[in-house]
Amino acid sequence: MDILLSESIQQIAGKLQSWRRDFHQFAESGWFEFRTATIVADELHRLGYSLKMGKEVIKADARMGVPPEQALQAQEQRAIKQGALTAWLPHFSGGFTGIVATLDTGKPGPTLAFRVDMDALDQNEAQTHRHLPYAEGFSSCNANMMHACGHDGHTAIGLGLAHILKKYESQLTGKIKLIFQPAEEGTRGAKSMVEAGVVDDVDLFIALHIGLGVPQGELVCGSDNFFATTKIDVTYRGVAAHSGAKPEDGKNALLAAAHAVLGLQAIAHHSEGSSRINVGVLRAGIGRNVIPDYALMKVETRGKTNEINNFVYHQALNIIDGAAKMQGVEYEIALMGAAQSSPPSPAWVDFIDQQTRQYIPELSSVVKSRQQPAGSEDATYFMERVKANGGQATYLIFGAELSAGHHNERFDFDENVMTTAVKTLATIALHLPYFDAT
Amino acid sequence: MDILLSESIQQIAGKLQSWRRDFHQFAESGWFEFRTATIVADELHRLGYSLKMGKEVIKADARMGVPPEQALQAQEQRAIKQGALTAWLPHFSGGFTGIVATLDTGKPGPTLAFRVDMDALDQNEAQTHRHLPYAEGFSSCNANMMHACGHDGHTAIGLGLAHILKKYESQLTGKIKLIFQPAEEGTRGAKSMVEAGVVDDVDLFIALHIGLGVPQGELVCGSDNFFATTKIDVTYRGVAAHSGAKPEDGKNALLAAAHAVLGLQAIAHHSEGSSRINVGVLRAGIGRNVIPDYALMKVETRGKTNEINNFVYHQALNIIDGAAKMQGVEYEIALMGAAQSSPPSPAWVDFIDQQTRQYIPELSSVVKSRQQPAGSEDATYFMERVKANGGQATYLIFGAELSAGHHNERFDFDENVMTTAVKTLATIALHLPYFDAT
Amino acid sequence: MDILLSESIQQIAGKLQSWRRDFHQFAESGWFEFRTATIVADELHRLGYSLKMGKEVIKADARMGVPPEQALQAQEQRAIKQGALTAWLPHFSGGFTGIVATLDTGKPGPTLAFRVDMDALDQNEAQTHRHLPYAEGFSSCNANMMHACGHDGHTAIGLGLAHILKKYESQLTGKIKLIFQPAEEGTRGAKSMVEAGVVDDVDLFIALHIGLGVPQGELVCGSDNFFATTKIDVTYRGVAAHSGAKPEDGKNALLAAAHAVLGLQAIAHHSEGSSRINVGVLRAGIGRNVIPDYALMKVETRGKTNEINNFVYHQALNIIDGAAKMQGVEYEIALMGAAQSSPPSPAWVDFIDQQTRQYIPELSSVVKSRQQPAGSEDATYFMERVKANGGQATYLIFGAELSAGHHNERFDFDENVMTTAVKTLATIALHLPYFDAT
Amino acid sequence: MDILLSESIQQIAGKLQSWRRDFHQFAESGWFEFRTATIVADELHRLGYSLKMGKEVIKADARMGVPPEQALQAQEQRAIKQGALTAWLPHFSGGFTGIVATLDTGKPGPTLAFRVDMDALDQNEAQTHRHLPYAEGFSSCNANMMHACGHDGHTAIGLGLAHILKKYESQLTGKIKLIFQPAEEGTRGAKSMVEAGVVDDVDLFIALHIGLGVPQGELVCGSDNFFATTKIDVTYRGVAAHSGAKPEDGKNALLAAAHAVLGLQAIAHHSEGSSRINVGVLRAGIGRNVIPDYALMKVETRGKTNEINNFVYHQALNIIDGAAKMQGVEYEIALMGAAQSSPPSPAWVDFIDQQTRQYIPELSSVVKSRQQPAGSEDATYFMERVKANGGQATYLIFGAELSAGHHNERFDFDENVMTTAVKTLATIALHLPYFDAT
């Protein structure tokens, strides 16, 4: 089987590359993945998958960090001009750019879900011939949108996997769900899919990422480095006044924000593990001689565990509230993103470790976990839900050579990782009968 | 009459000096004036004045900044050892060290009140032969108590005035009240006497001070430089925790206080006049490796007008409250002192200006007002009450040569100012029939 | 003469209105007054004044708050499209939009200078029929530029005055200089004209403003309410780092700015007079999960006197510097504007007071000074220079009914004030022989 | 041998208890261990150990947090009254209260050192019959000094070990050094002994502690939970001024401290491990109406590694410096204590683990390490020096039942731990020939 599988995958290697490069060129940021989603839906539909899309798989009020309506409409128009398949577009309109494709083998067996993400980052791509996507003509044509994290590859892997699984359907058991998630950047999208119930029937779950500093050829079977995180926008609203003529009439939103910044950065460390706080952006005031009547802060908290993140977050809420009271200003807090910490399920990690060591010779190294810098990932929402329902979940990292770090304007990856990933994931699915989940 | 008056006053010059030096030597801080008060009461009684004392003239719960019961008892014992007249002591026990002496002439006429203060400062006196009180043997024998502001002289002036007025009783009209107030330092005592009603029947009111940077020989008839002020002690109470082992268990009172300090000092300026804020003292924490569970701040606000002080004070309350909420700590605010701003009554100032220019040749200069550094005085409480009842009030400053500034450990004044002051005040009383109050 | 003068002025009332409305419609912000300046220059030239312009009257490196070169060029192009007289444009190119017109009578006498300002504010104008300039079709056609402070009227008054003075040249003595200044808003332009020496030969100086809360028909002959001020932009530059992965690598520019904001607002009050401080704008950081590597603060200090402003400004420099050192970040300070306090010359104010009471019946009220809210004006630079050279200077306010306060998007003024102003100023010039400057 | 050893130890169990209770009753804080040191020296001398003491084993200028000379003298007098052996006292006078006792077997072999600490804490002991030391009459008779951390037991264990080792001298090899250290609390003493060279010849090193939350009967062979730490006192010195009259003359030390507090608590987290910062104490200002001219902060930094602590400490230095510059105040930093992180040597830990499992049946549990709350210990200085010279070092914890947590006023421990500890330590020394250090 493995030889056949390898051959099958080699046959779609060109497709993987062309999908990836197409998504890369028409990079779409979170909740704007209109073109990408229509292409994904169309492909999956043509393969024979049963699809759920848009509001069926995304709970509207559980979405976080959704851009304003006006921007959504403009981007939808942009997508149409760039070849979005308009037949599918109504499903995704308004920022509901998620898809769940199901393959029901009709045979008994667990439900296995794979999750990939589709969104680009809000940044411009390098315009230099030393940057391969630019040199080869597939760098992003959309201003302030760039696939600098590899989600273009993830989406292509998802489609490639769909091809292979369909091809080998007769050898599969149970059900397979392929989840294409929007807005992972900023950890904004997963919660809304989880709350729509898309993994409520899932027994085994795999999310994946390429790169992340793992060497080319290495697979991490159970990455456990994701911090729980909460991302909020805080807006203080005071009262403007002429700073020379009537200073006593002002309610100074910037003073509130300055206290909040210092207070937030000074939240106590936690003895049970690492935590983080950042006020990454502050915008306040309208003129030099006017007491600032507004201040916007973009804040995020993180914690090694959900409990630690909650500790930091609730301290932050007190600080934000108290700083407002100090200056007599009002405030609003908007939840812009969130993710959890979620340790992988040991037995599931062991199984993947064994299978991949044995059957994927392309992998020069297979490890269960790896010390990595603190980051966050909203796939953890899926993982927590699956585990809460008695299932098992893990997060794979496929090592890949990178031209520059993630989120760098010159980020690019060795596209060979895509075939390795497809083969690995398909193999896990095909070998599932050998897994004893109890 | 003026020659006779001058002679009468010269006859008591020695008394003035000995009283002043006795009070100086046995300096007693606010609410501790046990010995002073018994001596004053005894003298006034022997002169034939009708006396009200202690709780009759001081409303208990309107007192501010009263020391703890234990300290009051200890100081009362100290006073006994230093010659307090024990027959009078029960009136003053517990920190009710005020006296109002009344001389009712039986003739029609307004009620005129003079107010002097009796308390020393919480500081040590210089122990050097270059400091005259030390050289001549009457420097303070009480640790951390020193007459460094001249209230010893004020008390002596009050007694001297009592002598002269009694002697010239037949030439007086209406009623005269002599108010001996405790605890002016920190502006703690006046409010309690006002709320006991001691000036509710007063038509004309004079408070006085010596020195204050006014040149020897000059009289300021209507000093208008007193800022309204509020003095509070703020105590934050958090939760201690080992800063290494369990930092997350602490509620950091010092962090709250640090925010409060910065917030308080940053209260907006007021376009209608000067204001001040000061956190003069901060004490927080018990050990280097313990998250501070308490912080005490000594705060004062000031404003050119009562409205401005109120603005600053209410901003301060918000800041103190918000800083507590930022850190999740509790707090208490204790009112420790307060004074008002109170413009002198113009007609009353004019009258004093005219009379003193004409009848007190000892004064080389008489002015209505004078630009002076911002300070506070709780005589303003008496002034505001008298004016609120339709009366007239003013504040006199008798210029005096000083050996060092007020509140300096080497403060001393030229004692000649006392006879000038007694003559001036007596002259005003004797000439009162010429004043048209309408 | 006065009747003739009144008639002469009535003859140009229409011109005043049409100039003012033209300038209003083509409002140009500071250093962008390209169209305005060419029209002013052309008019003055045609009247026969001797002109100095551009770099002759503006010292390049003494200009403050000059926009970037690119913006200057774009605005010059905009001005051309809007009818700037291209023959004059080269003088003003690059943001040298000042003019000094001289009328030398050839007769002995002092040099008298009048200064008007020409710039608009950086704001949009109300688009509503309740706003007269919009209803009558002369509201600003330039985005983010609006004459909301009346400088359009000042420029028109300057041109009207030029007409009248030329007409009555034979009755004048000495020299008259008319100064048309750019960039008064933000107090950016005057210093550069003073440093170019334009008032070095001036004996008597008048600056003027309309409105400012003074009632229609009232003239303030010696306004003394201008605070000295310094306006700076502070940029902190730190080092960005991923706030989750490598927080220790960052140098947090926002933290520095937050300390600076709190420190600046907490600068001590000054016992000798009012002061102000404001951080009106803060912009920091590039992304929620990135430690902020820059922060821009727009700051201004003010003081009742130059000394007090200097005190505040130098405290501010220490605070800005110390806050940088706390966080290990670099900083730059750009001087964006400055003005001084400058008491009017009493004799000159008296003269204007007498002359206008006697000869300008249109004025229902003439006062020497008036309590007003604290503001700043860079005409003070001219005043200080003239006085430093032994001359006399003052600042006039012509009361005017306003539709809304200065800097409001619906600001407009009763245009009748323009004829009153021209008559008043011309009368002062014509009566100058009666002024005894000694 | 083991049976004999057990018997020998049982024979000194009474001595262990009486030493411990004597030291407990006459508790002496860091650098004040005058009485304790003389008793220890006398005992060791009588046993036949070769002694070095005082300045021979303590480098004067490497001591940290030494109390003022006056306090040292007073405590030395106190010690004399409480039975300090005056013959030995001169060695320790001035706060040089350390002893190193050497037993040279004359046989080849490594040099093995044991280190115990002798100091009490600055706190009062509970006065209640529910507190055994009080009930049995050996609670501390010294105000503000209490053995609330078990160092009284450590000192007794050191003496007991000295007895046993001397008794079994013939079975030992190499050299044995017993180090009795002062001032471990506040991590003040070890550095001065290390810099005096007392472990420069040591091949194998053991420090120990009892309790620390480890269950009675358990031995931790290689505790690795000590954070590197630096403890400093920071004093800001500004200029006092009357806050009402001359606020501009002040240089506000409290404002500097408030900025420093907020800045310090906001030092960035480190991605490589935990860190801590605490400002445990702040004392500032002398009076409510005086701008504070001094502020004292007691600060400590901690880090999981020396590098992390250094990072925090150097950030702290910048913050302290910058905060001073913000307010124009001076400052001094006094180093009050320091400790390092120091991972135990694995082979040495393994050996102890094996030996104790086999030979100390009193131990119900032997573990190599144990997750524990973050604390600091200056034994790490010895460990780092020994390892730097190629030796091996570890830190043992002997579990003990406690009546209350360390540093609690009711702290007490089950004294049986002392015999277990002596037996364990002696066994390690006796079995040393079986250890292969390579």
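Which chain is which? They are A, B, C and D, in the order written, and residues in each are numbered from 1.
In this text, a residue touches a chain if its C-beta (ideal position, glycine included) is under 8 Å from a C-beta of that chain, and two chains touch if they have at least 3 such contacts.
In this text, all values refer to a predicted model and were calculated from it rather than measured experimentally.
Student: Comparing residue numbers, which of A-D, B-D or C-D shares more than half of the contact pairs of A-C?
Tutor: Answer for the repeat of A-C: B-D.
Student: Compare the CA centroid of subunit D with every other chain's and tell me the farthest one.
Tutor: So the farthest one, by centre of C-alpha atoms, is C.
Student: Could you please state the distance in Å, as a whole number, between where the Cα atoms of subunit B are centred and where those of subunit C are centred?
Tutor: It comes to 50 Å between the two C-alpha centres.
Student: Suppose each chain is reduced to the average of its Cα coordinates; what separation in Å results between subunit A and subunit B?
Tutor: 69
Student: Counting only residues that touch at least two other chains, what does the list for subunit B look like?
Tutor: Residues 245-247, 252, 255, 259, 262-263, 265-266, 269, 271, 276, 291, 373-374 of subunit B touch two or more partner chains.
Student: If you look only at subunit A, which of its residues touch subunit B in the complex?
Tutor: 245-248, 250, 252, 255, 259, 262-263, 266, 268-272, 291, 311, 315, 318-319, 321-328
Student: In the complex, go through subunit D and note every residue touching subunit A.
Tutor: That would be residues 262-263, 265-266, 269, 271, 274-276, 373-374 of subunit D.
Student: Across the complex, what residues on subunit A touch subunit C?
Tutor: Result: residues 186, 227, 229, 231, 242-247, 252, 254-255, 257-259, 261-262, 265, 276, 278-292, 295, 298-300, 302, 336, 373-376 of subunit A touch subunit C.
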